[in-house]
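Got a structure here, written out as structure tokens. Questions coming.
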Amino acid sequence: MCAQLLEEKVFKDPVHNYIYVQDKVIWNLINTKEFQRLRRIRQLGTSYLTFHGAEHSRFSHSLGVYEITRKIISRFERNKYEDWPPEERLVALCAALLHDVGHGPFSHSLEEVFDTDHEQWTCEILLGDTEINNVLQQVSEGFAQDVASVIQKTYHQSLVVSLISSQMDADRMDYLLRDAYFTGVNYGNFDLERIIRVLRPYKGKIVVKESGMHAVEHYLMSRYQMHWQVYFHPVTRSSEIILRQIFRRAKQLYEAGYRFKWLVPSLEQLFTNQLSLEHYLKLDEALVQTAFSQWADESDNILSDLCNRFLHRKLYKYVTVTKPEPEQYSAIIEEMHQLGLHPDYYMELDFPFDKPYDVYEPDRHEAKLTVKTPILLLDEHEQICEISQKSDIVRSISGLRQGQYHLYFPLEIIKKEERRMSPRLKQWFKL
Amino acid sequence: MCAQLLEEKVFKDPVHNYIYVQDKVIWNLINTKEFQRLRRIRQLGTSYLTFHGAEHSRFSHSLGVYEITRKIISRFERNKYEDWPPEERLVALCAALLHDVGHGPFSHSLEEVFDTDHEQWTCEILLGDTEINNVLQQVSEGFAQDVASVIQKTYHQSLVVSLISSQMDADRMDYLLRDAYFTGVNYGNFDLERIIRVLRPYKGKIVVKESGMHAVEHYLMSRYQMHWQVYFHPVTRSSEIILRQIFRRAKQLYEAGYRFKWLVPSLEQLFTNQLSLEHYLKLDEALVQTAFSQWADESDNILSDLCNRFLHRKLYKYVTVTKPEPEQYSAIIEEMHQLGLHPDYYMELDFPFDKPYDVYEPDRHEAKLTVKTPILLLDEHEQICEISQKSDIVRSISGLRQGQYHLYFPLEIIKKEERRMSPRLKQWFKL
Amino acid sequence: MCAQLLEEKVFKDPVHNYIYVQDKVIWNLINTKEFQRLRRIRQLGTSYLTFHGAEHSRFSHSLGVYEITRKIISRFERNKYEDWPPEERLVALCAALLHDVGHGPFSHSLEEVFDTDHEQWTCEILLGDTEINNVLQQVSEGFAQDVASVIQKTYHQSLVVSLISSQMDADRMDYLLRDAYFTGVNYGNFDLERIIRVLRPYKGKIVVKESGMHAVEHYLMSRYQMHWQVYFHPVTRSSEIILRQIFRRAKQLYEAGYRFKWLVPSLEQLFTNQLSLEHYLKLDEALVQTAFSQWADESDNILSDLCNRFLHRKLYKYVTVTKPEPEQYSAIIEEMHQLGLHPDYYMELDFPFDKPYDVYEPDRHEAKLTVKTPILLLDEHEQICEISQKSDIVRSISGLRQGQYHLYFPLEIIKKEERRMSPRLKQWFKL
Amino acid sequence: MCAQLLEEKVFKDPVHNYIYVQDKVIWNLINTKEFQRLRRIRQLGTSYLTFHGAEHSRFSHSLGVYEITRKIISRFERNKYEDWPPEERLVALCAALLHDVGHGPFSHSLEEVFDTDHEQWTCEILLGDTEINNVLQQVSEGFAQDVASVIQKTYHQSLVVSLISSQMDADRMDYLLRDAYFTGVNYGNFDLERIIRVLRPYKGKIVVKESGMHAVEHYLMSRYQMHWQVYFHPVTRSSEIILRQIFRRAKQLYEAGYRFKWLVPSLEQLFTNQLSLEHYLKLDEALVQTAFSQWADESDNILSDLCNRFLHRKLYKYVTVTKPEPEQYSAIIEEMHQLGLHPDYYMELDFPFDKPYDVYEPDRHEAKLTVKTPILLLDEHEQICEISQKSDIVRSISGLRQGQYHLYFPLEIIKKEERRMSPRLKQWFKL
């Protein structure tokens, strides 16, 4: 069942213009219900509250990653590079298409509150009783497992893994271009066609011809800019904080025996950490938004207030602070309690760089990974070196790591208690 | 309260690059919960099932209409045209921003099944007990009513009305550009800046300098192309048909006393035609999608099947047919019944031009209107004439009206009964 | 010598992003001096005086026509269409690249005044003693002749001819996109990738899949708009008129024995209709502009004035007139003479449609041809029909032919004689 | 004569879409013959031999600088900044428009060979007997001198000077965007609208709101990329080397009494350093190209060969070398002489960074200046600091200065003598 379609099919895509499907397997995978579900999960989570155009879904991003991978491989084939094993084409394309299929709604926030992991779900979807597994099985015995192992980075052909997950892989290339397009922030544009032209398979790795060094620099600068302009935008951080607080509060209430006026089984299973695959697949952003809309009428004030804030975009404000000493922070929390302000919900300290993000080295998606694939240059004498050894720009941005602590809180609520506050607390909130 | 903001605020927008807010009223209106709700309603309804990028919301479109109106008026002011009454600026901007605020989820489909009307809801939102009304009231006594009357096209200053609703108004200009951008279909691009430069206020009407005739032709051709490439796309029609069938089936079941496993008050009020404003505002596309996801598990086969089709994009196929004679059509329906195929749900005849749409004259949004505002040219001798009198292109496309009848149906289900079908029915479905 | 390059080479191109060269022949042709000469001839003649960005050369256009042809053929090959003869690839690519190589400076104007023809020169360059001929000869005996016959439309494979010269060929597609890009007029944009996707070789002709009809309509509307917005722009017409008058005056003076302070052999040979290939190749736009700059100091007032007008863009003004009766026109000319105003130089009547241009049928480049290749649709039943039989838009624009007579003249000079003019002449110039 | 035009005029521009002219003075300046002459001088000199789209003229760049300045000032006026003196508007606009009016053909190369300086010519054109001076005089006594002093950076209002010449002025902003557009290299794109929004006049300086720091970083990275990708491109360097060698050879021949078959007074005056303004204005790129085309037939072999190389783009090849020791270099030159290879013409060592260029600090245009205007940030407490103190990116790129030595030479000619060469010389040319 590795058949080609009788006629190439296309999807109209604003970023790549057209996405070309030539293989029946790819076509069938796109038409599974598990893949169609990605239409109901946004690529950028709550960023649409900052950039109103950023409503694009993981469905379109997944098609984009597939398309970039397809273009890279086509060029490898056209140039007949010896280091490219042609039989790996289909497994690479399937892994590119499916690498994000296990994502849930607002994944990063959800995974911080609940014990769930989208990469594990991806494997369950690929290997469990699903339409996707059914399509993959028809290619060959073991094909589904191969695709899963590419996504888990354990596949025996490291070249295929590095196409999908490395410092400059099809995933990152698509999301930078796509997020730039839909937010309207043009900092994420780089010359994709040129990058594709300078990639080479070489001894089990994807490397970059040295003549393409400036194109890589440009790509890395785009990443740097997108992190600061879009991914770390304080308004987005504020909405993520509220989202996590809603999840936390709902879970806490559930565990305390609170009777919700409105609840569905998928959410109950989420609260009790007993999600079945069937109910995980029903967990989409429509459901989360509906829950928030219904919970806005719950009797618990904190939950109701937080839901209204999220829906109507009455987000927390922030001030820039210096990192407090532990005892100072305890005292602040103590006083909050005394004033009747729940410190878990009415205050959150955020430090974008406190995460293992780094503009160059690690990355927002695979933050947990410890082993990174560096970008390698191949010079005219077929010598390989890591890019920051040749590029001053890359070397200088590799080490950058400073950021600022931001304190987020509901300004009107905090202000009401201003008169009762100690000078220290007032200063903390910069009132 | 017509105050200017201390500092101009901006929204980053992919279509207009930046949207500028200078008035405190506009800023406050955008921050109301009724306006924020538009983030949860897509501009193009089910089109995202055809064009995966088309996830953009009515929120972004409404900002766009406001921005185009702001630009037109700024130019009128900069050129000090005598026919432009400067005191109408704010009412025009508010009407532009709010003209779509009453839209519900998948409005056009919803309104075909239920007795509800987004224009009426717009008025209720402007004049009822809402945050929007509260902001408008602070401008002056009667201001909310003025804004509403612009949207209802009854405002005493016809110039203001024609900015917002005419054959070439800020609404159409924004949606053509925006829909083109998010679908990726570049047919909708026209030269907005040039169109704005050739508009003139003239004796209570917006007219076009004759030198801008070709720019208007280009705009009308863009409209024509967008109708055929995007708005009438058969896949989109198919998904709208299924959407309406779900609504119809659910209503029918409700009226027949069926007990839904899952229902919320907003939907019950919709079924019984007793929607309160509060519950109408909870009716967003997240809720509709959640309902479909939950109803996929209902025991009614038809409802469950339709919901799965919508969610997993297993849409109806279509064949092109000639319009059947009434008696022929009755016989077909009769046979469908006999075969146990519900003709209301397993078949739908669609004729995009059977609606009072016309590429030039009437329009997809205000299809009910009978009086249209033509596009007027102003020549160098200050004479006015309707554009199709001067432009061959416009004249030739004004009359175009033919289309094709498409028959939509669930191919696998119909095929199952093929052997039991009469030759006539087989031919009808082109089996 | 049909060798492939060891490594694909690219040219950075603003319109197609990259232009890919895979064949050594193509690379060598580009590097000949006759092809490099096209860098010194503008694609749009005097249009840069209207649209300051329109400085692009025939060199870049020729590369673009090659690239579009290459893309079309690559798709034909990828889809293994039986009707495409693979051995015709190289002859088609060479013809695409070289089809304009015989153009001289401001060709269309030059050819109206002098007895010279760029298509003949193209053949001489391909078949004469040139670097280009040398490269072509190395492919095979007769190859140069084959390429020439494609350009002359006499090649035995009509399919190859129609790629290069038809109503929707690679030539037109590139120039519409390129002229739109460099003028900044976005009316010329159409979806090239989509057009390429719907083209098919079919029984010796290039046809269009019926599903691509709207894409073709969009392309034809782009052509229509570009003709009106760019190619027929009155300021461009005015500069072309002056250009022709300069050529006419210089030739007239030369024939009358006037001694030019400045002249070069190429121009002398042009005046006497005895151009050798060597001197034709020296005739570029740099030389023409230098001539005008030097002739601005000639003692002949008419020549000097015209040259200054062209160089400093003091063009003729125009008024719209109705076509005069012959006797009326003779009387006007008579009075001009009496007033001492040379009617050949101080007045020119222009009617853009008096030429055999037509938006759809004929074309600005091959205006002399009488047999045109219509655009053919291929329907799902493999039936072919001419597009205007299916498309209302195309049918309605096919017949359009009206235009306006414009009278061009030097306003300040004519005005000086106003008092001495008859009422008829005053009215003629609309003074 | 500070009159406004009755109706705003526009130029269609590919970079800024439209360029708006509101002042009669600006309109009249554009229509002078000295300004129109800029149409015949390319913005990027010989870069069109590397990037075939880069044919754009200094005319279009000058309009662009004017337009950016107009937009910045309009925003200053709209926001009623106290530190902006409104009476300076016209002088700033005129200086922006005219800052490059003294440029000659291939200026930078020309000025390296001949003793001429475009800034001096700019002053002569503004203050001498020209149409431009005539227009400026009509504004007021001393206005022409004011405009000239802005360009010379001696104007009493330093704010106006810094609009036109600083590290982030209207000149640089336009050329980065324009060169990116016409070459097709998209590295030069940055968000102009955003940069304009964060500029402030402040105590006689243009400063940047701190919130705009990332936009400035992006702009500086664009500059960095454009230098490496476009301005320092080895093919462009090679063509500039040949250009300078042609000028040098022609001058040398002239001084040695060589009788040119073809010469014009402007070139003779250039050789003898006695250029009158009248003849300087005739020196455009058309003339230079015509000269090369005619000199290709001169009897001097070196001149003829160099001219053919330039016209037919048979440029010098290059190898990367390490900087030779002086005595080593002398020996090389000595051996070249012995072999009959003129070392002045058949070899040139180039080090792009040997010039006082620097990505951030100095600049390719005003290389001679020693005092630079740094980019200043204005924080929320109205404190000013230089950007590299806040931005890690800027700090890290400020110091970068390394480059590579390239040796350019005519490969075929050098190769012919290979057998006679010493091993040292062979190694030098990497044969």
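Going by the order they are written in, the chains are A, B, C and D; count residues from 1 in each one.
By definition in this document, contacts are C-beta pairs under 8 Å (C-beta built on N, C-alpha and C of every residue); 3 or more make two chains touch, one makes a residue touch a chain.
This one's a predicted model, so the numbers in the text were calculated from it and none came from an experiment.
Remark: rotation between chain B and chain C after Cα superposition is 180° (nearest 5).
Counting every residue number used by either copy at the chain C-chain D contact, over half are found in both chains. Chain geometry summary: the mean Cα position of chain B and that of chain C are 44 Å apart. Once the centre of each chain is set as its mean CA position, chain C and chain D turn out to be 32 Å apart. Separating the centre of chain A from that of chain C, both taken as means of CA atoms, is a distance of 51 Å.
Residue positions 17 of chain C are each in touch with at least two other chains. Put simply, chain D touches chain B in their complex at residues 7-8, 10, 17-18, 79, 193-194, 197. Within the complex, the chain C residues that touch chain B are 186-187, 189, 191, 214, 217-218, 221, 224-225, 228-229, 392-393, 396-397, 400, 402.
Within the complex formed with chain B, the residues of chain A that make contact are 11-15, 17, 31-33, 36-37, 39-40, 48-49, 51-53, 55-57, 59-60, 63, 181-185, 262, 264, 282, 284-287, 289-290, 293-294, 308, 311-314.
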